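Here come two complexes built around chain A, the first alongside chain B, the second alongside chain C.
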Partner chain A sequence: MNGAARRMRHGGWRVNGAAVRAARGLALPVALLVLWQVWGTALHNVRMPVPTHVVTAAIDLVGSGELPLAILQSLSRVFMGFAVAAVIGVPLGLLMGSFASVERNVDPLVESFRPIAAIAILPLAILWLGTGTSAAVMIVAYAAFFPIVINTVAGAKGVNATLLRAAATMGLPRLRTIRTVVVPAALPAIGVGLRIAMGVAWTAIVAAELAVGAKAGGGGSGGIGQMMFVFYAYSIELNRIIVCMIAVGLVALVLDRLLRAAMRLSMPWTAS
Partner chain B sequence: MPQARLRGALPVLRYVRTMAVFFIVWAIVARWTGNAILLPSPLAVFGALVDLARDLELFLHAGISFGRMLVSIAVGALLAIPLGLAMGLSRTLDQLVDPLIEILRPISGIAWIPLALFIFGIGNALPVFIMTYAGFFPILLGTIAGVRGVDRRLIDAARTMGVPQRTIVTRVVVPAALPSLMVALRLGVASSWTAVVAAELIGAPSGLGYAVEWYRELLATPQVMSFIAMIGVLGYLCDLGVRALARGFTPWARDTRAGA
Partner chain C sequence: MSPIEPGAAAKLRLSHVGKKFQPGGAAPTIAVDDFTLDIAQGEFLVIVGPSGCGKTTVLNMLAGLDHPSEGSVALDGREITGPGPARGVMFQDYALFPWQTVRGNIGFGLKHGAAGNGLSSEARARRVQDCIDLVGLNGAEDKYPHQLSGGMRQRVALARLVANEPEVLLMDEPLAALDAQTRLILQDELLRIWGQDRPPHARRTAVFITHAIDEAVFLADRIAVMTTRPGRLKALIDVPLPRPRNDATRASSEFQGLSQHIWSLIRDEAYRATVT
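Now for the complex of A and B:
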């Protein structure tokens, strides 16, 4: 349908398509917010969170520096765990994708542990490393490892066979072939793996901190997950919990966008 | 013929070989550590697994978790598939609902746990809510993508032949979108199963996640590891089940390995 036909459908009014789309997009969220505000106020319950109180809670939490600090603490754990996963996962994936013998021997191990959710090993991580940062980092690394390995293997296997044969014909040693042929060709797949892993890692850190908060009696490990649990269990501040939820969503969104932008800049030839 | 049979058995042999090496390394490290609470030997874990299986505790918790997941996926699919079909077919509805979806989607199911704990308390409702939420988005997005991916010419052809709109949806759009719907269901099950452990660990009086945490508090590491293994096995079986379902419903579609 072209522009003219679309305008015709709106009864001859010259309506800007973008404005209509924006209005439609805002309609439902705004309507729900208003409904929530009205309903929440009508209940006359101090505990009932309403949008206006959520906003004041957000200003409080950001202004006092509590929320940014908690987010930074969680992020630092995510980056540490993510780095561990990438440093192990990418080379291992490249080797598995390039050498059939490596894949044959390692793949059973990867496939056996992959269905075990990262949170499931949290009790073991607490047992081995306590309730502090190292246990959280272990969970994040475990969660991020699998998307990275699997996508790297797929990328390394997807390298154009002609390129590999050309490299072999020119007498390139296998390891050098990996560095000069396989890595550049597999880069987009590795990028996808890293991006998925980052999302998974962020979910895992929130879960790990929440569970540590819940099970270790708020034992001072910090992070946004723990902060949410404290608001639930000790001070019962639902407005603040909702602020934290929004922050969790925003950080996830920003991380994803940043990684997408980084991929686009570093690999302009791929169309994501 | 025997050669073909040998080739079929080869992956199994390789699997057994790798896992045997893994268990031997584990046993050596366990002996070297010499701390049965930190790292019990594989034999101790196997013994605990057999005991837990014998008094059915293992299957009881597994059954509870699995039942919760079935309910969650059923509810999630019942909400997400019709909405996804409608959003895929109607651009107006898509423009209305999509922003809300995009606002909620980055908030992981796990981040809902504290609020949901307050609303539902500890019990069945909390894990089911968290798992339904976790499973909803992959199913919805997959359904929308599936509907959008339907060959326009098929719909146009049906329309030319005077097929009414409702029949077009049920006879053309749904069958054509079914393969991506099955992939979406698979992702939904995986995401929902990941959430079960977190939800049960924190807010349920039963289930695999609860059992893992319960035995950790007792410092019964062999039992902890048994339940962790059960989480993995059941997760794997769920995936296998959905794939079998996909093959049954859409035998023409190629089995795809998801990226996550």
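Now for the complex of A and C:
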């Protein structure tokens, strides 16, 4: 056998190897889907969602524009709440991480609120702000605030002390040092906080919209959570609820990837 | 000629300076004990001594980054209470900002610190460019520190120090991490930047830490030899080698003789430092 043939054969093996690995990776998910389909069909129960019906429901919901609209409504609330949390959480975290006196005073407050789930402040949010967008934004902002502030504090405290000393010997005032040294040095940690917060914001928005939907009797102000509430409480369409769950997961995944890319672009010095 | 004129006021004055460190209730460590030294305007003072002798602590107190437990440290007769732009520091580990390019690092103090006050942005950019030329970093202006070799990072740190035009240059083993050739080249450049071609009154004041004796002799007007634990001033040695100094200086018998003399002074201490 000549060399070229051997290489081809070798190459063929490599392609087969990759295909085998891909097949192995897919085996379990596919098996579970098949099992779900067979078992769900065998139950003969309209309450039991099955994969084929989920796909049909997804096509319906996307085609009618209902799902994209609901996602956009939720997305805008997530962004608003996330922005509020970041605008408060990042500067507060920087101050807490840079000034021991600020941390001493603020940290007990932050830590005593942190165990209170976002959904637990919903009664207050609804009583103060009604069942519209503002209440949902408040819940999201509350939930997203903690990961942002805690990671920012850790990032600000972890700044290489020699860099702070170098800035001091060049006569930088303290606040200027925070902007020009602490912020860039803490950026990776702040980025982690923002990414965690984005995930938390989605869990909060779905919970908030579900609950606001309950209060508003399904008629409220839209969003993916309220849509799920309607499918749950009124039309009882479990396949559609599954579609909503998958949609939230996909949107959150895309947002996380976008945030990661944005962080990478904002830190060109870490690219190697 | 002694580098300190009789009656001339000291640029930097350390008076009976002591520094104790007491980490969390442990027995106090005396890092520096009863250290008294005047450093004249335009003088190049080098501090040598074995590892752990408190050299860095002395430098940090001059920088205002550490505070003496006893005695006082003064600049132009005024007590030093904190860091200030009149005293520039070059740190042992470079202390470059990883997120700034070479140009950004060198211009950092001009842009954000006190050194750039009253300068137009054109004037700042020109000074940054001058400093890049001075240390030979042309072509690397837009690189980040992690893309540079140790020698180039050291040049960036030196250029940043010079760009701020401090009256006093405080340098903590700035050449320690370099290979032998780069080190000799940067020693020459350091003397040029300090102002060895200018008359003494037009020079900056420099305090330089090293444990390389040949480096100390080559650079210094005076060498302060320190002892270990507690860090005390053991000897002050004038280095009367003529300036400007260059490779001929290194080859001279006076240079060799002085190096031998200083080595004999610190040999016992150095041996003790290696066995304890």
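The rule is short, and it goes like this: the second predicted complex is superposed on the first by the 243 of 272 C-alpha atoms of A that agree within 3 Å, B and C clash if a C-alpha of one lies under 4 Å from a C-alpha of the other, contacts with A are read in each partner's own complex, and residues count from 1 in each chain.
Methods note: contacts are C-beta pairs under 8 Å (C-beta built on N, C-alpha and C of every residue); 3 or more make two chains touch, one makes a residue touch a chain.
None of the values given here were measured: they were computed from a predicted structure.
In the superposition on chain A, A:269 makes contact with chain C only, not with chain B. By the touch criterion defined above, A:169 reaches chain C but does not reach chain B.
In the superposed model, A:29 lies in contact with chain B only, and not with chain C. Put chain B and chain C next to each other and count what each touches on chain A; the higher total goes to B. Using the contact criterion defined above for the overlaid structures, shared-chain residue A:203 touches chain B, although it does not reach chain C.
Within the superposed three-chain model, A:245 lies in touch with chain B and out of touch with chain C [touch as defined at top]. In the overlay built on the shared chain, the residue A:180 is in contact with chain C alone; chain B does not reach it. Contacts from chain A toward chain B in the complex involve residues 21, 24-29, 32, 104-109, 112-113, 115-124, 126-128, 147, 150-151, 154, 192-193, 196, 200, 202-203, 206-207, 210-211, 214-215, 228-229, 231-232, 236, 238, 241-242, 244-246, 248-250, 252-253, 256.
By the touch rule above, chain B contacts chain A in their complex via residues 14-15, 17-19, 22, 37-38, 92, 95-100, 103-108, 110-115, 117-118, 193-194, 196-198, 201-202, 208-209, 212-213, 215-217, 219, 221, 224-225, 228-229, 231-233, 235-236, 239, 257, 259-260. Here chain C touches chain A in the complex through residues 63-65, 82-85, 87-89, 91, 93, 95, 97-100, 108-109, 112-115, 144-146, 164, going by the rule given at the top. Contact residues of chain A toward chain C in the complex are 160, 162-163, 165-172, 176, 180-181, 184-185, 187, 267-270, 272.
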